[in-house]
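My questions all concern the structure below.
Letters A, B, C and D name the chains as they come in the text, with residue numbers starting at 1 for each one.
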């Protein structure tokens, strides 16, 4: 905060203190604010979900509507305060959490013009990702990092895989459109591609399903393909996890013989016996 | 048993003997009791299942009803005896098996007031978990421990994963509710979330399925996501299993300090440096 | 063959030669017989499959019926010859392939009494497992052995897993029967258990699906459970495969320092440099 | 190009330059051609997909038809040019990309005779596989090679697995045909086999589902089998990936003999024994 260039030290203090409360979770006030925020998010999302149920909405509609507006105004004030106390408002505004914070209040205002759009308020759930920061869940954060790391390390393999899947579903979808045609539910190529995705991922709604023998045969091939193909992303991610856990074991080298691969609790080199 | 503080040694012997029969499986009587108990559980659960089938119930209903009450009274007596002979009845009553033993008899009594609740008697199946103890299936117990251990070791990664899944299904469910709406079966947000879970897990009942092009496109993205995401828990658990089996490999103890857990390729003890 | 105790050397030769042709694949005659047999199996199974299609059956029914009887009589003669030329007919008759050979002809004879049972002739497919033996597909046989070995090594873990799955589906099935009841398709506990299996395995036919909010909530839990649980058998089998491939690497120990874990192509110990 | 035996150096230069533009991506002209080609493919496939949608087709049908013919003629000219400038036209014509290039134009011409066949133009998507070459996406190509390598290394295990799956679905399909019969939708054995594949792969459309208790029991067994069996290809591919990533770990070369492929913990070269 010492690097900030505000003219009024009074104003600076006010903003600095606000920053501490809103953005940090080290002080009691900051932690209390974050806990309150999390509960507000959960209650407001529950309100939106309950409001969509006809039976509940027609009885408690008024109350739920009031709660929704209450939280929206609260989150709007919070968003403005965040913009005020952060050092680089523009950078915060375009950051992931900045956008989520904005999107978390917009739907209520839009719902005045377009009724029903308030259902999109559930995007507030994304704000819960802050939960990790709040409770200093360092261990959980570490795990999340390992998962993200494994996914990032295999992003190229996954890109290749996704491209292959896209090519397969487009070609199989088109062929099925020619084989089955409109009368069997494959009314156009996008619908056929949708069917191919439903089948390849083994979801299998059954809203569209092949009726001709040739279509069934091709569908059977696609299913077995999908059944086997799932092994590819699983294999990729698993190998990354195994790699990550192996690397985590140790990177210490023996000072005497230079051997690596020692367990984290090793005191002596397992090859030459020298003290590590 | 020597530490117990009962006044009458006669009573103590009676309880001690009962404890041996009911809770242990080392003596012939104890083993016979346990084998009898397992068969009672299987027969009583089969009775409950058969009784729910209309065709069987209207013919053998009387007999099945009698068998059900017979086993319920038997298990009630057994439960009381367990309470009587155990040293700390309160602790047993709130333990996992104590609660299961209680829940295994309650539904029959409740069914006098609320007909149909006796179907819940199948919770007796959980008592079968004792099967491991009875037959001294140490090896199987070991395997169960490895599975539980692998799951426990990855519980944080799994928590992160489950939280991510919950956030995804809530947001996607809400968006689908806005896109598809009541007329296409997405009658409210909870129903839409249910649909999102059905789709993400690749179950795909088809009782609700998107009808609009936009809805189908979003569903396709969710399916491919679900198809790929399954790689994450699989990768986590597999890496843990691989880790566990690697650790289990070496059981060599150091001749100098007795430490275990050396790698198969270790030449010197990693703790004291002695030659293995 | 020298150990056989037949009185007539002439008869012995006849049986010995027959044995060579039927049971072995080293001689040209034996190989020709086996190739012929494989084609007979494929053609006869195709006949049975085609005969079940109404459109084909009403036109070519007579021909297909004749082919079916032709192959059945052929396989019956072959079965009798196998019994005659094998040294221990009783042992062959109760072996896996002996039973399959018998079951591969019975349905045609039974179909005289019970029409329609000839469809079971497709069990002849199991005879194709001999294909590995015929073409000396040693490498494939090795792979099959690795797969079977991995499955056998993890059979205890898989038993524990299957027992857990059975307990889950019985209890969840019963609870769903109480929650949903007959009016929503959960007509009895066996049907509910069937639904639980359909859901847990992520098959999801949709012929039965929960209608009540509580039922949907429980179904959602079961789905996520099934989605995650699949990681367990995958993890078990994968760890076994990894273990098997690691063990296959090498079991050679260095004569100088005793270190293990050398690659199959290693000439010198990677730790001390001694010649292996 | 120096090895070509064309008489006219002028013609050679023309062909050589054309080859550079069409087949290579090193020169600016070559790269521009390839980028243009990729956009042409994407636009033309999008045209075909949009043309199949009734609502779009009846409004913009004329335009889309014109675009389709434009690209077809363009790709035809390109195909002819490729044949002209390549050194061995016959070899190119029967190569994978040669066939794809040909199949990418044929459907439009065929659609004059057989309306509707132009949907098969989406096979042009396969031409996108060239994308890797164009942008010198060496890293991605490497990843694709690792995936292909892992699949190739496990092709025998996968063959054994696929054969087992085929035998299972044929036998289970036939048995279900006998159990359920025509009245429950299992109208013939091919349909029953299709159902078995739909169930084993956990797709589960629900267009055909067992109605009898015995059929449901067998279906339940098949589902649990399919649920567990998926562990086999996953295990195979994962083990291969792990193996591949382990092999990729060390890229250290021996200073004495230059051999590579040493383990990360190697101290001495495993071939010549020199200190690394």
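By our rule, a contact is a pair of C-beta atoms (placed from the backbone, for glycine too) under 8 Å apart; a residue touches a chain by one contact, two chains touch by 3 or more.
Treat the numbers as computed from the prediction; the structure is a model and nothing was measured.
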Most distant chain from subunit B, judged by the mean position of its C-alpha atoms: D
Which of A-D and B-D has more C-beta pairs touching across its chains: A-D
Distance from the mean Cα position of subunit C to that of subunit A, given in whole angstrom: 42
Subunit B and subunit C, separation of their C-alpha mean positions in angstrom: 30
Intercentroid distance (Cα basis), subunit D paired with subunit A, Å: 30
Subunit B and subunit D, separation of their C-alpha mean positions in angstrom: 43
Junction residues of subunit C, two or more chains touched: 190, 193, 202-206, 230, 234, 236, 238, 240, 242, 257, 259, 261, 271
Touch-based graph of the chains, sorted into line, ring, star, complete or other: complete
Subunit A - residues contacting subunit B, complex: 45, 48-49, 52-54, 116-117, 119-123, 125-126, 128-129, 139-140, 143-144, 146-147, 150-151, 158, 162, 165, 190-191, 193-194, 197-198, 200-207, 230, 233-234, 236-238, 240-242, 244-245, 261-263, 265-275
In the complex, subunit A residues that touch subunit D: 156-157, 159-161, 163, 166-167, 170-171, 173-175, 177-178, 181, 187-190, 193, 199, 202-206, 209, 213, 216-217, 219-220, 223-224, 226-228, 230-232, 234-236, 238-240, 242-243, 257-261, 271
Subunit C partner contacts - residues on subunit A that touch it in the complex: 202-206, 234, 238, 242, 257, 259, 271
